[in-house]
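Mind having a look at this structure? Questions to follow.
A, B and C are the chain letters, set down in written order, and residue numbers restart from 1 in every chain.
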C-alpha cells in the first residue's frame, strides 16, 4: 500500500520548546478513503494537519502527499490538497462567488475552467441561488458549505477537513456529513479530524486515535473495538459516585477499564451482564443515586477509554441533542 | 443601584484595556508634548537665520555708522542669527533653503537717508519659508520705515531752517552734530507711546493652550469607544442576557450613560492633573471652577458620544460616523488650531460645536484666571448641550 | 506573478465592499484641505483678501490729537475698528477684551492732546486678550500709525529746537509758520520715501494670480497626512486576515510566501497612489494648487513615500496582535509623524532638535520634497535626495515587515 498512499506520514514530530505537540506520528491514507483523526482538543490533530498542509515545519519525521515531500516542495503539495480550516476562512463582505473566484485563482485554477467549476461546486453545496449574496448575510450552515467549497475548486487529490462541525446545529452537521460522504463517493480522499466519536464512526473507513500528541491506534472501527478485548460496555448515570468505585471496578477480572466523568461512569466489561447485580449493589450501598444503566456493545468511546483511561466526552461536551448519526442507545 | 453596577462594570472593562488607556492618556499628553517641543523655548520660535550682504566687495566698511547701525539693530533682536555673506552665497543659500532670507544692503543707503536720494533694500526670500522669511521682511520694512522717517525729520529741520535763514557752513556742522544727539534722545522717547495694559498672565503658554484642546479631542474618542459598547453588548448577546435578568431597559441605558460619564470624568481629571505635573500648566487659582468645568465637559462628551451611538445602527457605524463627526467638529471648533485666526464665518460656525465652548472655558480658566462666574456662560452652554444630547439619546435608545 | 495581481485586485474589491472606505480615503482629506486652506488664506499669510484685525478704541480725549489719531486708525485697511464712547468707554473696551469678544483694545487717555501740546509724552494703553495670538499683529498696525504721527510731531519740535540751538529763542509769531512748513515737508517727503524695500522670492515664487495660496499649503500636507493615516490604518486588514484565518488558508494554497507579502504591500501601495494622485488632481483642478513644474519629480516622491507607508503598514499589521492594537499603534504613529514631520506646522519655526527628529521619519523628507517641487520649482534631480531617503525608509520597513510577517 505504501506506493499508492495519498498521505504517507512517518514519525512526524513537532515540538514547541518543551511542549511536544505531535510525537512521532505515523500513518498512511490510501486513495479513496475517509481517514479520521479522533482525539480530544489538544491531542495534536490540528498540528498534524498543519504539517501535512505545509503550514507547520515538522521538528522531525517526514510526510508525503501523493509522493511529494511536504518539507521539500510545499507548493507542489499545496496544489494537491484542499484545506478547509475549522474557522470560516472567507471574506465576509464579498459574495460567495467572489470568494470562490479568489480561492480558485489562488489554487491556480485556469480562468477558462474556473467559472464552470464554481457553478458545479455551488450546485454540489446547494448554494447556486445565493451565489451572489455576501457571505455575512449567510447562515452558519451556508457559510460552512462555502468554506468547504473553497477547498474543492482545484479538484484536490485529498481534502483536509479540520473539525468542520464544531459548534453548529444538528441539521447543519447532518448536511455537512452528507456532503463529505457524497464527495467521497465521487472518489475524493478525505482526512477528517474530529473529537466527536459518532462522526468518526459514521464517516470514516479507518480511524487514528490521538491523545497528547501520540497516535495510539489505527484501524477500522471493528479492528479498534476488537483490540480492547471487551464484549460489552456498561454506562451508569448516577449522583454521588467517587473514584473509589473506579478502583473497585478495576480490581475485578471482569472489567477491562473504567472511567468516571462527573456523574457518568463507563465500564468496559469482559464478561458481560453478570457484573451488573454486583455493580448496582455496590453503588447503592455506597449511597449513590442511580438514574440509569445502559449496556451496549463496545464503541470508539470504549476504545479511547481502553487506550487512555480517560473518557473522550469530558473535553468539549457531546454533540448536540438530536444527533442524527450516533449509535448511542 | 443596578445601573451603577452596570456603570462600574463598564468602567472596569475600559480601564483594563491597554488600548483605551493609550487613546485616553498617552496620545493627548504625547501630542501636547510634541507641540510644546515644536513651539517651546524662550522665544517661542527657533532662531531666524538670515544673511546680510554688503554693497562693498570686502564686507561692511568699518567706519560706516549707518550700515553698522543696521547690522547692530538686527543682531540685537534675540531670535535673529545674522551672518554676512556675498551676494552669490546668499542667493544660493536662500534658494536652497539653507537660510530663510538675505538682506541686500544698497550702495546709497547713507545718501538715501541723509540726502533723500532713492535707494532700494532687497530682501531675498526662501520660497518655502513663510514665517521666518516673513519675519525678516517685516523687520526690514520696519527698519526702513524708521530710517526713512528719521532722514525725513532731519531733512525737514534742515530745509525749513535753511529757508528761514541761509545757513553758513559752520552752522551746518553745528546743526548736524546737535541733531544727531537730539534725534537719538527723542527717538527713544516718542511723543506718543503705547503701553501694554497690565495683564497678570505671562505670554501664551503653548502647553496650556493645546493641552485642553487635545484633552477634549481625545475625550471624545474615548467616549465613542465607550458608547460603542451599547452595540457591542447587543452584538455579543450580553444585552439580551441582561434583559432576561430583572433589569429594566431604563436601568440599562442609565448604567451605560453613567459608565461613560464616570470614564469621561476620570479621563478629564487625570489629564488636567497630568497637565500640571508634566507640563507645569497653572490652571488658574480657582480649583473648584476647574473641576466643575472638567465635570461639565465630561458630561457633554459622554452624552454626545452616546447620542452618536444611539443614532448609529451597528458598532462599526459608531466608529465611522462618530470619528467623522469628532474630527470635523474638532476641526471647526478649534481643537486643532486657534479658531480666532479663522475668518468670521468660521468663527460663527465654531460656536455651534461642543469643542469650542469646552475649550473656551479652559482658556478662560488658564489665561484670564476666571472663576466660576467668569466661565458661567461656558458651563451653561456645555451643560445645556449635555442635557439636550442626553435627552435625545435616551429617547432614541428607549424606542429600540 | 499573476497571483500578485489577483490578490491586489481582490483586496481592492474587499476595500470597495466597505462603504465607508470612500469617505475616509477621499472625502475626509478634502474636507480638511478645504477648511485648512480657507483658514490659512483668510487667516493671514496668504495673498487673498488682506486680513483685518479687531481693535476696539475708546477715545477719552476731546482735543484735536485724539481725533487725528482716531481718524488715522479709521483709515487703516488692516484694522476692523469698533469705537466705544461715553464716560465709561475705557472700562467698556477693556471688558470687551476680557470677555473674549474682541481681541484687542486701545484707550486714548483724556489728557492726550493736552500732554502733546505741552510737549510732554503721552501714552496710549493697549489691552490684549492673552489667549490670542492676533493682538500682536494688531499692535504692530497701531504702532505704524502712531509712528507716522510721531514723525510729524518730531519734525515740528526739531525745527523749533534747532532754531533755538542756532539763533536763540524762536519769535512767537514765527513758530506756527515753522512747524507748519516742517509738517508739509514731512508730508511731501513721506509720499515718496527715498529708501524702499523690494522683496524677491527666489525659486518659482508664488504665481501672479495665485488665488489658492492657502490651498497650496494645505493640499500637500493633507495629502501626505491622509495617505499616512489611512495607509497605516490599513494594517488592521492584515490582523483581520489572520484572525479570520483567511491568511492561514492562503498559505495552504500553492502561493508563495513572497507572493503574499508582495501582494500585501502592493495593494496598499496601489490604494495609496490612487489616493494621493486623486488629492493632487483635485487640488490642481478645484483648489487650483500649483504642484510645480516636474510631474516626474512629484511621481518619484509620491512613489517612494507611498511605498514607505505601505511597508510600515504591513509591518504594523504583522507586529500587532489584535486589530484594536493595530488601530491604536497606527493612530499614535501617524499623528506623531504628522506633527514631527512638519505636516501640521512648518518645521522652519521649530527648534533644531525638533527638525532633526523630523528628519528621522519619512514625513519630514516628504514635506521637504514637496517644498522643493512646489516652491523652489526643482525637477527630478532636485528631489532625488529626498526620494532616495524615502526609498530607504521603504526598503527598511519592507525588510522588517518581511521578517515579522506571519500567518498566525
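One rule holds in what follows: a contact is a pair of C-beta atoms (placed from the backbone, for glycine too) under 8 Å apart; a residue touches a chain by one contact, two chains touch by 3 or more.
Remember, predicted model here, so these are calculated numbers, not experimental data.
*Asks:* Taking touching chains as linked, do they make an open path (line), a single closed cycle (ring), a hub with spokes (star), an all-linked set (complete), or other?
*Replies:* Looks like a simple chain-to-chain line, open at both ends.
*Asks:* So, comparing C-alpha centroids, which chain is the farthest one from chain C?
*Replies:* Result for max centroid distance from chain C is chain A.
*Asks:* Quick one: name the chains whose C-beta contact count is the highest of any pair.
*Replies:* Per chain pair, the contact count peaks at B-C.
*Asks:* Can you give the whole-Å distance between the Cα centres of chain A and chain B?
*Replies:* About 66 Å, centre to centre.
*Asks:* Once you find the CA centre of chain B and the CA centre of chain C, what distance in Å lies between them?
*Replies:* Averaging C-alpha atoms per chain gives centres 12 Å apart.
*Asks:* In the complex of these two chains, what residues of chain C are touching chain B?
*Replies:* 20, 23-24, 28, 31-32, 35-36, 38-39, 42-45, 69, 94, 98, 100, 103, 106-107, 116, 121-134, 139-140, 142-144, 146-151, 153-155, 157-159, 161-163, 165-167, 174, 178, 181-182, 185-186, 189-190, 193-206, 217, 324-325, 327-328, 331-332, 335-336, 339-340, 345-346, 348-355, 371-372, 374-376
*Asks:* Report the residues of chain B in contact with chain C in the complex, numbered from low to high.
*Replies:* Contacts found on chain B: 17, 19, 22-23, 26-27, 30-31, 34-35, 37-41, 45-46, 91, 94-97, 100, 109, 112-113, 115-134, 137-138, 140-141, 144-149, 151-157, 159-161, 163-165, 167, 171, 174-175, 178-179, 182-183, 186-187, 189-197, 199, 201, 203-204, 209, 316, 320, 324, 327-328, 331-332, 337-338, 340-343, 346, 360, 363-364, 366-368.
*Asks:* Could you list, by residue number, the parts of chain A that touch chain C in their complex?
*Replies:* For chain A paired with chain C, touching residues are 53-55, 75-76, 78-79, 81, 83, 85-94, 98, 102-103, 105-108, 134, 150.
*Asks:* Going by the contact rule at the top, pick out the chain C residues touching chain A in the complex.
*Replies:* Listed in rising order, the residues of chain C that touch chain A are 3, 6-7, 10, 13-14, 17-18, 244-246, 248-256, 407-408.
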